[in-house]
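Order of writing sets the labels: A, B, C, D and E. Residues in every chain begin at 1.
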Amino acid sequence: MREFLWLVPLLPLIGSVTLMLGAGRLTMRLAGTIGAVSVGLAAILAFTIAAGFLTNPPAGSVYQQTLWHWLNVGGVSATFGLRLDPLSLVMMLVITGVGFLIHLFATEYMEGEDGYGRFFAHLNLFVAAMLLLVLADNFLALYTGWEGVGLGSYLLIGFWWRDPANGLAARKAFIVTRIGDTALFLGLLLITSHLGTLNIADAMQHATQSWPIGSPIATLAAFLLLGGAVGKSAQLPLQTWLPDAMVGPTPVSALIHAATMVTAGVYLIARTHALFLLAPAALLTVGIIGGATLLLAGFSALAQNDIKRILAYSTMSQIGYMFLALGVGAWDAALFHLMTHAFFKALLFLSAGAITMRLHHEQDIFKMGGLARRLPVAFWSFLIGSAALAALPLVTAGFYSKEAILSGAWAGGTSGRVLWLAGVVGAFMTGLYIFRAVFIVFFGEEHGHVSGRYGWRITTPLAVLSVLAVLGGLIEVPPVFGHVTLLSNLLAPVLPATKEVTDITPLLLASLAALLGIALAALFYWRPTQRPAETPLWRFWHAAGGFDWLYNRVLVRPVLWAARVNSDDFIDSFYDVIAWATKAIHQQVRRTQNGRVRWYTAGLAIGSVSLIAIAVLL
Amino acid sequence: MANVPLDQGLLLAAILFALGLTGVLVRRNLLFMLMSLEVMLNAAGIAFIVAGARWAAPDGQIMFIFVLTFAAAEVSVGLALILLIHRQNPMLDADAGDRLRG
Amino acid sequence: MNTTFEISAVVAVLATLMMITRPSAVHALLYLTVSLLAAAMVFFVLGAPFAAALEVIIYAGAIMVLFVFIIMMLNIGDAAAALESTWLQPSTWIGPSVLALLLAIELGSLAVTGGLARPAGSVVNAQAVGLALIGPYMLAVEIASFLLLAALVAAFHLGRAVMREE
Amino acid sequence: MTAAAFAAFAPFTLLGTLTIIVMLLIAIRRSHKLAAFSTITGLGLCCIALPFAAPASPVQVTPLFVIDGTALFYAGLVLGAALVVAILSYAYLDSTAHGPREEYYLLLLTATLGAAVLPASVHFASFFLGLETLSISLLGLIAYASPRATAAEAGIKYLILGGASSAFLLFGMALIYADLGTMSFADIGTLAHAGSPHDLYRLAGVAMILIGVAFKLSLVPFHMWTPDIYEAAPAPVTAFVAVVSKIAVFAVILRYFILAEGPADASLRMGLAVIAILSMLGGNVLALLQNNVKRMLAYSSIAHLGYLLVAFLAAGTLGIEAAAYYLAAYAVTSLGAFGIVGLLSAPGAGRDADQIDDYRGLFRTRPFLAASLALMLLSLAGIPPTMGFFGKFYLIVAGVGTGLFWPVAALVLGSVIGLYYYLRVLVVMAMPNESTTPVPVTVPLFGTAVIAVLLALLVALGTYPAPAIALIRMAVG
Amino acid sequence: MTLVWLLLIPGIGGAVAWMAGGRHPNLPRRIALAVLAIDFIIALSLIGPAMSSAIPAGHAAWIASFERPWIPQLGISFELYLDGLSLVLILLTIALGFISVVISWTEITDRVGLFHANLLWSVTGVIGVFLALDLFLFFFFWELMLVPMYFLIALWGHEHRFYAAIKFFIFTQGSGLLMLVAILVLVFVHQQTTGHFTFDYLALLGTKMNPTMAFWLMLGFFIAFAVKLPAVPFHTWLPDAHTAAPTAGSVLLAGILLKTGAYGLIRFVVPLFPDAAHAFAPYAMTLGVIGILYAALLAYGQNDMKRLVAYSSVSHMGFVLLGVFAWNTLALQGVVIQMLAHGVSTGALFILVGALQERIHTRDMRQMGGLWGSIPHLSAFGMVFAIASLGLPGLGNFIGEFLILLGSFQVGVPLTVIAAIGLVAGAAYALLLVQRAFHGNAAPHDETAAKPCDLTAPHLLVMAGLFLALLGLGLYPQPVFDQVAAGLAVVQHDGTPSTGPTTQFAEATP
């Protein structure tokens, strides 16, 4: 089956193209079917291939498929090739699996929307690009996917194009990530120039052979790639676009801005871990960025009133965990958390979507309340998702993955311990902010009359994801609880092994922190509460540390100012001056032609005197 | 006729030439300008005679004759033009004739 | 002979100077005639009697008569002279005089350098001139005749236009 | 005069005879058609006669003339241009029954005669007489349309300024004659080489001759008369002034410099270079916003003569060839441009069709004339596929080849400025026609035919100049 | 002889179209289409390997040639040579010419014959530029192509068309004259060293001269091409010309005429003056980078959609300048792709702006907005090409930019890094265009006016074709690389300075 690997990204692409060409002509039902089925088929294919891969792994656990020779010029060659190894396998499964569920959800969620077909066209396009990103065997194809998902994200954030604010958010997302992408692009140039290949595996191998650990060039390359990663994954300092991106339809937020695209940075670093291992400084930076982001986002999430923005900050925070894991070398933990996060965060977004679709897209949690009884499906899904997010010990997938990260950090020396502390604080904050949302939304007073039943296309994904959010963690269980290592075994060929941690202290402390957070949330928000007062501190965290403010002042406004001031191109005025001067000279010289014969004679005489003088005297 | 003052002759021609030029530049009446022009041409003629005298050759005088021819032709046409102008411009004011300009 | 030359030259210069400063057309014309006669004297001194004769006959004679004719025809009298006086303000003289002075200095300086110091001196009489005219200068005479023809036609055409208008 | 000399001089003799015949014809019967027809035929015959004079050349005809390839080439240009002017004049004058028209041809012929002998002149006497025959005839032609108020004004301006410049010319000749005792170009050359290199008499003389010549060529600062005269003269006469007189005078001064000056004195070269630069820049700057097409072309001709001086300064074979080609190109182009102006004008009107607004919408009303004028203007601007393009190229070749940095720089700068006003006319012709031309004239077919011939030459020799260069090399080289 | 036909067919076709204009307005259009189709087929038939690919032996990358004496007295011959580089650009030229005819079908209704004549003649001129190898002939075509383009702008343009047309003409002609002077000095220098007066490019290659002289001559050529390219600070004619030009004019201008500048840099500036060009390269590349960013900033500040696209063009051409002076295989191949992709994507954008103007009678983006609702196809294509122009991988522009930057990275890292900021800037203005025109609230005037009709079938086909071309360039550019490789190798060989090692990428590979 695995020779059909190329079909996995192609199927959604075909769906996308079909939908684009048929835009305006397909019925809503047909469009939804095409959209969901193309991803569904890709998912089935992906799982089939995965089954084949697991039962009968190829040599070296890598399956390479070259589709065509893309370019071969001046010593640089790139194929359009796919590479299936455990890492991309996991990613592929998450993308197609979660992707399909979200598509299914969206077919019902988006019903009646103007541009229904366009929505699925773009969503399919996104899935295709994301699959290309993870399956690419070379940097160029990876970058193509990388930009492709950016495009998909842009298109979908701005899906409701009539509102200029959506357009602004979409452009912000694209441009801010593009800044990171440019760093990645430069990294590509650096790697290609110095390692002579665009193939990722070859490049990593060359790098390990030719660059010593800590060499400046390796560090630079790693930092450039990191630039790309922080952009896509909304980490400091390029995190500002993510909360704004929530103006897109909720399935989009679930798929792109929670489950898949934003984890591309994690994938990239994992994919190029060999390079990061050569650059300890860069790796440490990854961890620090992760730690800082998870704290910042955690505090910010607490100061949000919009349910999707809470989830957005939580996404940022959770990806911070993944970065932290990468930073401390807990590679499989990062991947593990990526996977479980995809489950529970998709679940959270979808259930949030399920709620808001019954509330005329009202997203302010203080305008909700008491929804537990009205919308039980959404309630239970959201609750399960929240529990997983808060890493409720033992019973949630989130617990196991977060625990893996924190133990990894614990084992990581002094810097690891510091990061571990950040992680623990973060775990506390996570419990606090998510259960704040849970209590405010589902308990307390009811506002207005809400009702409605969900169709199977909404309930099924919620159910499946709920199950995954609970049980998904059982593929990797720490030694204390039974020592399951399915995932790390799978990833062993491609990722370096993580140190085993048998110490139970970090585990206990982290669990305690999470529980404490939940308890605190219950304490504060069990009863109906007022909208929080806008104190300066609240505003600071509401604005997520004021990065937007800062960037606006330092970058955006100066550029806009320059563009506005110079919209007539001052260089042109230079030429205008020349033209003006010529005309002015013309006007002056023209006055000599006053028509008076005596004046003309004088001219003649002056000329004569001068010419004779030149001839005789010189 | 020994000791012909050639240098002084040329000097005379030059002075007359300059005086003629002054006349053309200063006078506003076209008739006077024409007269001054004649002075300039005559000065050139004197120069030819002086030059001819230096080489004791007839060429100088022949050129003088041609200058004379030209001067006569010029005056005849010039006076005809002045007649024509007189109708629009009875004072023959040279400065008034600036319809063509710019 | 130098004396004759110098007197004639001074007369020519002074007469010309008077000519260009007189407001009255008739006066100016008379001064011009004097200047031309003085020039004829110079020619004679320089050994060009034929040229001297032509100067008197054609220049001082024919051409000046033309001028007189025009002055009479256009009736340029006291009114014109008065206007002429107002035009000849001292300030108008500055520029032209400076220019003319420069020119005179430039050309005069040549004479002062004495490039033509070598005196020579036989008379070139009318016969010599006439022989040259029908010899090497034959074609020039032909062209000169066309020059006169052109002037004739032009003057005729323009003059006739004047008549037709009146 | 030997038989060979007589044979070689035959075209000029023919031209003189023709003048007399036309005069007699006019005396016998005043008829515009007859006068024009005889003039045109006669000029045509003269043109045809030129190649037959070639076998006898080079030959000295009295001390005054040399008939050689150069003389015949430029005489050919002069006669050809005069022929075109004659035809255009017929078209121009025929459209009105106003006033006597026959003398015009007489003056045209005397002017042509004066111009035609200039390239053959190797002596001050013929130089001067040819020049003045040309000038006096032109005087009559410029003021020809005397009912126009501007005619007499233009005439008197040309007379006074031309007279003054002639006085300079003559004085200069006298100085040189006084210095060297000869008026023959070749002898001057020999004696000048033998004598002191810094002979002030000669230098002053040459400078004064240059003043006279520069006036006729309308080079800055002796140019001021040009636009006034171009504007006032009837369009065909303007063409004549712009083309025939320029070619003739340029040819004679070129010959004078080749024979008499040789490697001209450094100070003279510098003076010429200054004049060239001033002309190129001044002419173009003056033309910049000019709304009168004839004045605009006048200013542009100032610039073009400045360009030609580059070739003049370059001297040498290349410079002489370049000048010859450029003069030919300039002739074809200017004749075309002024010819079209003339075809669109009527002498009966108070003015010619010279306002730029008269050309509004010409592309629509008279597409052929508009396209022709467009190409003529492009040629003046030096854009392919026209003779002007190759001519300018040739000039720059000559200039660069002799390392004339500043003149070439001025040429380039001037050309760029020049584009503006040439293109401006193109644009106006393309504009929608809002007002009709003041006097709608009928353009005779033969007038259009002449323009077509000029256009064909312009493009053919512009894209394939090899035959023209071959001819020039044969004649001038 | 094929090469002569390549020139003659559109040249004569233009005249025929002009004459046919009097009969029926559709006649010139059909003639133009037919002529260009035939020409395209002829050009296609030339695709193939060079006559011999033995490169170091000399100039053997030619696919076809034609040589006849023209003005033998001055060492000028009618010398046409075609290599892969020329061929690719000629194909682009003819294709865009064809498209220009199609999209002018409804836009141009006035003096149709003359319009198509000018269109075909400008195509002729450009083909001539790409073929001529005699420097005089090259200059001849260089000047010749200005005239029809001038008329296209001045006669069928929009507001300020005369100003724009004259500005265009003066800029290019002025710089062209500088080049002419440089050509002549080169020819004379060559004559002094070899005694041979010739304008033959192949003979003039490798002319020995002192460095100062070489530098000034190089600069003369460079300025002419930099104006045409256009490189900042010589770019200011372009926005005006584009804004004023009719759609077909803009397409030709952006798609083809600008390429002649890049072609000139590759073919003439560096090979003729290798040492000078290499010494100058850092400055030229700096200009390129400044151009990328400065023009992007300007593009961002525009309200006129066409001006925005025009400035984006300048920005893209900054990449070309950067790439040419990086002067390695990667960068040069990138330049070729960039030229093709830019021709297609910018051409498409101009067509869309033209179509938009035809429909809503404005180009002012302040009066647009929300067009997606009324004209979705146009808007969708607008977005597609805007995104192509910001360099989305998978489309041709990306390959061009990637290779150029990869090439320039070998030569100058800091410049490359700054240039890469252009990728962000490109995204900013391209998306702003999409936002202001197609997204957002519908402009108020939309309410009253009749709903504009969407793209018609010919336009849709053209757009689809252009998009597919762009996709092809993005996903499988190898045929282009192969076609131009031999030609580039030759110019690269000629353009390698006599001193110092080259920075060939292959050598840097471990």
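Following the convention adopted for this analysis, a residue touches a chain if its C-beta (ideal position, glycine included) is under 8 Å from a C-beta of that chain, and two chains touch if they have at least 3 such contacts.
For clarity, every value in this text was computed on a predicted model and none was experimentally measured.
S.K.: How many links in the shortest chain of touching chains run from chain A to chain E?
M.R.: Contact-graph shortest path, chain A to chain E, evaluates to 1.
S.K.: Find the chain most remote from chain D, comparing centres computed as mean CA coordinates.
M.R.: Farthest by centroid: A.
S.K.: Which chains touch each other through the most C-beta pairs?
M.R.: Highest contact count belongs to chains B-C.
S.K.: Centre-to-centre on C-alpha atoms, which chain is most distant from chain B?
M.R.: So the chain farthest away from chain B turns out to be A.
S.K.: Please indicate the chain closest to the centre of the assembly, with centres calculated from CA atoms only.
M.R.: Centroid comparison flags E as closest.
S.K.: Per the centroid of Cα atoms for each chain, what is the distance between chain B and chain D, given in Å?
M.R.: 26
S.K.: Hey, how far is the Cα centre of chain A from the one of chain B, in Å?
M.R.: The answer is 95 Å.
S.K.: Provide the C-alpha centroid distance between chain A and chain D, rounded to the nearest whole angstrom.
M.R.: 77
S.K.: Could you put a whole-Å number on the gap between the CA centroids of chain C and chain E?
M.R.: Once rounded, the distance between the two centres reads 70 Å.
S.K.: Going through chain C residue by residue, note those that touch at least 2 other chains and give them in order.
M.R.: If we look for residues of chain C contacting two or more partner chains, we find 95-96, 99-100, 103, 106-107, 110, 115-116, 137, 140, 144, 147, 150-151, 154-155, 158, 161.
S.K.: For chain E, write out the residues touching at least two other chains, lowest number first.
M.R.: Counting only residues that touch two or more other chains, chain E contributes none.
S.K.: What residues in chain A touch two or more of the other chains?
M.R.: 590, 593, 595, 597, 601-602, 605-606, 608, 612, 616
S.K.: Which pairs of chains touch each other in this structure?
M.R.: Taking the chains two at a time, the touching pairs are A-B, A-C, A-D, A-E, B-C, B-D, C-D, D-E.
S.K.: Using the touch definition up top, name the residues of chain D that touch chain A in the complex.
M.R.: 156-157, 160-161, 164-165, 168, 200, 203-204, 206-208, 210-211, 214-215, 220-222, 224-225, 227-228, 265-268, 270-271, 274-275, 282, 285-286, 288-289, 417
S.K.: Which bits of chain C are touching chain B when the two form their complex?
M.R.: 1-2, 5-6, 9, 12-13, 16-17, 19-20, 25, 28-29, 32, 35-36, 39, 42-43, 45-48, 50-51, 54-55, 58-59, 62-63, 66-67, 69-71, 73-74, 76, 80, 83-84, 87-88, 92-93, 95-97, 99-101, 103-104, 107-108, 110-112, 114-124, 128-129, 131-133, 137, 140, 144, 147-148, 150-152, 154-155, 158-159, 161-162, 165-166
S.K.: Over in the complex, which chain C residues touch chain D? Could you list them?
M.R.: Touch list, chain C to chain D: 106-107, 110, 113, 115-116, 136-140, 142-144, 146-147, 149-151, 153-158, 160-161, 164.
S.K.: Quick one: in the complex, what on chain D touches chain C?
M.R.: Touching chain C from chain D are residues 16, 19, 23, 61-65, 99-100, 103, 106-107, 110-111, 113-114, 117, 123, 125-126, 129-130, 132-133, 136-137, 139-140, 143-144, 146-147, 152, 155, 171, 175, 178-179, 199-201, 204.
S.K.: For the complex, which residues does chain B have touching chain A?
M.R.: Chain B residues touching chain A: 21, 24-25, 28, 33, 94-95, 97-102.
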